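Listed below are the structures to be examined.
Common to both upcoming complexes is chain A, partnered first by chain B, then by chain C.
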Partner chain A sequence: MRRDRTLVILAVSFVALAAGGPWLPQWAMFIVTIAIAQGLVALGLMLLLRAGLVSFGQALFYCLGAYAAGALGRFVGISDIFVEMLVGGALAAFTAFILGFLLARYRGIFFGLLSLALSMILYGLLVKNEALGSTDGFNILASTLVGVRPRPDWVRYAVLVSAAAVALIAALLVHRYLNTPLGRLAPAIKDNEIRVEYMGASARRAVHVKYVIAAALAGVGGALAATAVGHIDPEMAYWTTSGEFIFITILAGTGSVVAPFVGALIYGAIHTTAYDLSPNTWQMSLGAALLALIVFLPEGLWSLFTRHVRHS
Partner chain B sequence: MSVILDARGLCKSFGAVTAAAEVNAAIEKDSVVGLIGTNGAGKTTFINMITGYLKPDRGTIQYEGRDITPLPPREITRLGICRSFQIPQLYPSLSVRENMMVGIGIVLRNAGRGGFFSRGHALVPGHEAPAEDVAERILARFGLADYAGRNAQVLPGGVRKLLDIALTMVARPRVLLLDEPTSGVSSQEKFGIMQMVLDAVRAEGATVLFVEHDMEVVSRFAARVLAFYDGRIIADAAPSVALADPEVRRHVVGRLKAAHA
Partner chain C sequence: MKIVNVTHGSFYAIGAYAAASLTAAWLAQGYPPFGSYAVLVLAAIVVGAPFAIAIERVILRTMYARDEVVILLVTYALFLILEDVIKLIWGVNPYFIAEPYALLGSFEVAGMAYPTYNLVLVAAALVFGGGLAWVLHSTRAGKLLLAVIHDPEVSRAMGVNVGRYYLATFTLGSLLAALAGAFTAPTVSVVPGLGVDVIVLSFAVVVIGGLGSLPGAALGALIVGVVRSLSVHYMPQVELFVIYFVMAVVLAVRPRGLFSLAEPRRI
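Entry: the complex of A and B
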């Protein structure tokens, strides 16, 4: 059996980012932070995808997390990044717990479209809500870290390291979860729910749990993105945002908890480069990248890595 | 001997079709019971009602004195009633070993072991051994050890059938319902497979009900026969008696012979 290097990869990545971060240009710190936020959402999508479920509405929880963070600053006066992420994740998880009673009954295209519909309802509500800035959204306060306010030129680095720390913890927890019986049930649910049921487990309950975990991760990611950007608007719940997350998840593959973050980083790089080269047709470049990926690496970028390991 | 499973007055209709009409059967502990009958006679409906997949329109099913009629399949499974399927229900994208490990994982989890916070290797309840050992042991007993690393998708038909039964053994069933365990297997192999299955099951100590169309297999392995016809049990006796019954000969044995000729 191949030794599990996930923990080492995660630890080394975190230390490298924390140590090398100060030398990164400000724009790069921003891109990496956003990639971590999106990677958190993709990490949750990966859990669902392993069970054969594609959520076209993960932006719902991303946006909820972001607005929870924004509302904390605007209405309560709290702008600590860790509190924002905690509240964002908790609100998303709670919402998913309620919605899960409905969603966990559905599979395939019905699950996908229902999740999409729910995210568009939130979009519709936010667009009409004057108190939350309707289509313009609103700016959110500069963040503190456990009460400490970093110097202005260090804010981006501080947010980056906080993001990386949260991502590290999330990845470790999910990695552990994947190795529990419930986590290992995912491919079985994808393959044959009748057998799962006749072995004494509830597929619906397992899906519900995965849905809640995925939502919590998306909520944390949303709160993080809100803090990093400093502005939130209803576009965060729009279906194209969900599409981006699916893009990243498929780009990454479901082989490891590290994959979603690598996928998000590469997505960020493609996105930024494409936008830089041709601001009007960048979607075309992204589309071409996805097409090439599906044709050449149907199991995602991570399969490149595992294939290499298997051969060596 | 004590009764472990007691079905009383089971009725089930699908529109105009009556799949069960007043089915009564008391199954004794550790017995081996053969279910015979033509297609549509109500054998699989009987199994589906016992395992909770179908709810009877009327009647009750008692398991060790407890009414299990309203329970869903997963809870009936947890109580110790397991089943195999006429068409094997496997996890095709996983290897044979992984198929077993998923099942063992469920058993561990239902026993509150091997959860998120537990450390090290939990022992599988009922087997009191680590998960990997339990998988190896059951696979060996069913002659599947050589297939452990193969994907379930690419297994030959007979092996799929055996794996389907081996999966049920993971939960240490007290009652095992086998839906046509030897269908799709050549007639020479049938005896060997039934022998292997029953040896494996007896080693764990379970009551067995099996659906079978080959009367020689039934005579050899069943201590008691339930003959189904038109949703009713028309004979309930030892094989030598049941298979000689004129009604059974007319409605079951004769028709099966004609169908197989």
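Entry: the complex of A and C
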């Protein structure tokens, strides 16, 4: 069996990012931070996708995490980035635990559309909520790090490194999870659920657990994005946001926990370049890229990498 | 066809734009205003059909063997592309054509003015719905289509040209969406983003009714329409999401929609 190099790749990328970070221009730091936040959401979606489930409503938890972070700063006065991520993730996970009792019964298209409906309910609630800024959303406070407030020109870097650290931990945990019996059940559920039941495992419980983990990751990602951008609005729960996350997950493929982060970075690059080159037709470029991926690389970009390894 | 088609929203928008721009041109030429109804319908068909045929022939036909969810993503990608194509062709400025709407005047029900155009729309919807049901259940082509959807492989073995049926169905479905857009165009201002709103709403309709069921879709549309109007009237603050709430409740009680058929289990 090939040695598992995921740990090495993760550790090396973290060290490289932390060491090279200060030399990155401010805008690049911002893009990388957002990519990490989206990568966290995609990591959760990947878990679901391995079980054959596509959630068209992951924006629900992304937005919940962001609003939890925002509300902490606005109503409690806490703006520590780690506390925000923790609370965002916890709130999302708790919501998913409740919703999971309903959603874990559904598969395929119905799972996707029901999760979409749930995220649109949150969107509708937020748009009509004056206390939370309605359609405009609100700004959130500059962040501190475990109680320390970094100098203004170092804030971006501090957020970037904390994001990378959280992503590292999340990726390692998910990597562990994939190798547990519950984690290995995912492809089996995708393949044939009834056989899973005959083996004595509960597909519904496995889906429920995956759903909660995915939600927690999306919540952390949302809180992270909120602190990085400094502003939140209900658009974060709109279904097109979920579409972006699915795009990233499909782009990356389900081969490894590193893939979603690479996917998010590439997505950020495509998005930024497309927007730069043709501001009016960037959607078209994105759509064309997604289409090409589904046609030519059905297993995602990661399959390029593994195919190469097998040949050599 | 077991396709959840996000592109439908684009066809709705294409129909609306084609109808709005061509009818405006028709009226600007000084042709008789009553001809504008024919222009509405023709515009939707003439502009919508090439898009539908091209999409089915070039992209979708290579995808039928893939997962339902993958096809959903493909249509989502196409939807993103078409959104910008629409902007490229028609620009971002709104179009108004109120003539066909105003032309028919209005009549009074219990002291309230009600535009005749809306009544015509209801009639048109009934005709299309009834016609579709008749084609599907009473003609040879319709019955063959149901067979093709149920089992493409056996149908092919029986000598049915499955590819042609897929093409016809997709084109017909897309044209219906374009026609819906064309009929709605006179009552609203045609602006970018028209497709986004309508597609999620029509998903809610078919999911409530049960995927692939004609009476289900009709009932779903009725439920959605009535619930929305009620909420606008009594609780305007929930209008945005009440549909999704209804959809979640329906799915919680009937996991596959109201008019769904039992599915055999694959072991």
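Basically, the second predicted complex is superposed on the first by the 312 of 312 C-alpha atoms of A that agree within 3 Å, B and C clash if a C-alpha of one lies under 4 Å from a C-alpha of the other, contacts with A are read in each partner's own complex, and residues count from 1 in each chain.
The rule is short, and it goes like this: a residue touches a chain if its C-beta (ideal position, glycine included) is under 8 Å from a C-beta of that chain, and two chains touch if they have at least 3 such contacts.
Note that this is a predicted model, so its numbers are computed, not measured.
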Touched partner set for A:A269, first chain B, second chain C, both or neither: neither
Chain B versus chain C as contact partner of A:I169, first or second or both or neither: neither
Per-residue touch tally on chain A - higher for chain B or for chain C: C
First, second, both or neither for A:L114, with chain B first and chain C second: second
First (chain B), second (chain C), both or neither touched by A:Y123: second
Touching partner for A:L286 - first (chain B), second (chain C), both, neither: second
Which of chain B and chain C A:A201 touches, first, second, both or neither: first
Which superposed partner A:T180 touches (first chain B, second chain C, both, neither): first
First, second, both or neither for A:V12, with chain B first and chain C second: neither
Partner chain(s) touched by A:N192 [first = chain B, second = chain C, both, neither]: both
Intersection of chain A interface sets (partners chain B, chain C): 192, 194-195
Chain C-facing residues of chain A, complex: 52, 54, 102, 105-106, 108-110, 112-114, 116-118, 120-121, 123-125, 127-128, 192, 194-195, 239-240, 243, 246, 250, 280-284, 286-288, 290-291, 294-295, 298
Residues of chain B that touch chain A when the two form their complex: 51, 72-75, 77-78, 82-83, 85, 89-94, 98, 101-103, 105-110, 114-116, 167, 170-171
Chain A - residues contacting chain B, complex: 176-177, 180-182, 184-185, 187-188, 190-192, 194-202
Sites on chain C touched by chain A in the complex: 4, 59, 62, 66-70, 72-74, 76-81, 83-85, 87-88, 196, 200, 203-204, 207, 211, 237-242, 244-245, 247-248, 251-252, 255-256, 265-267
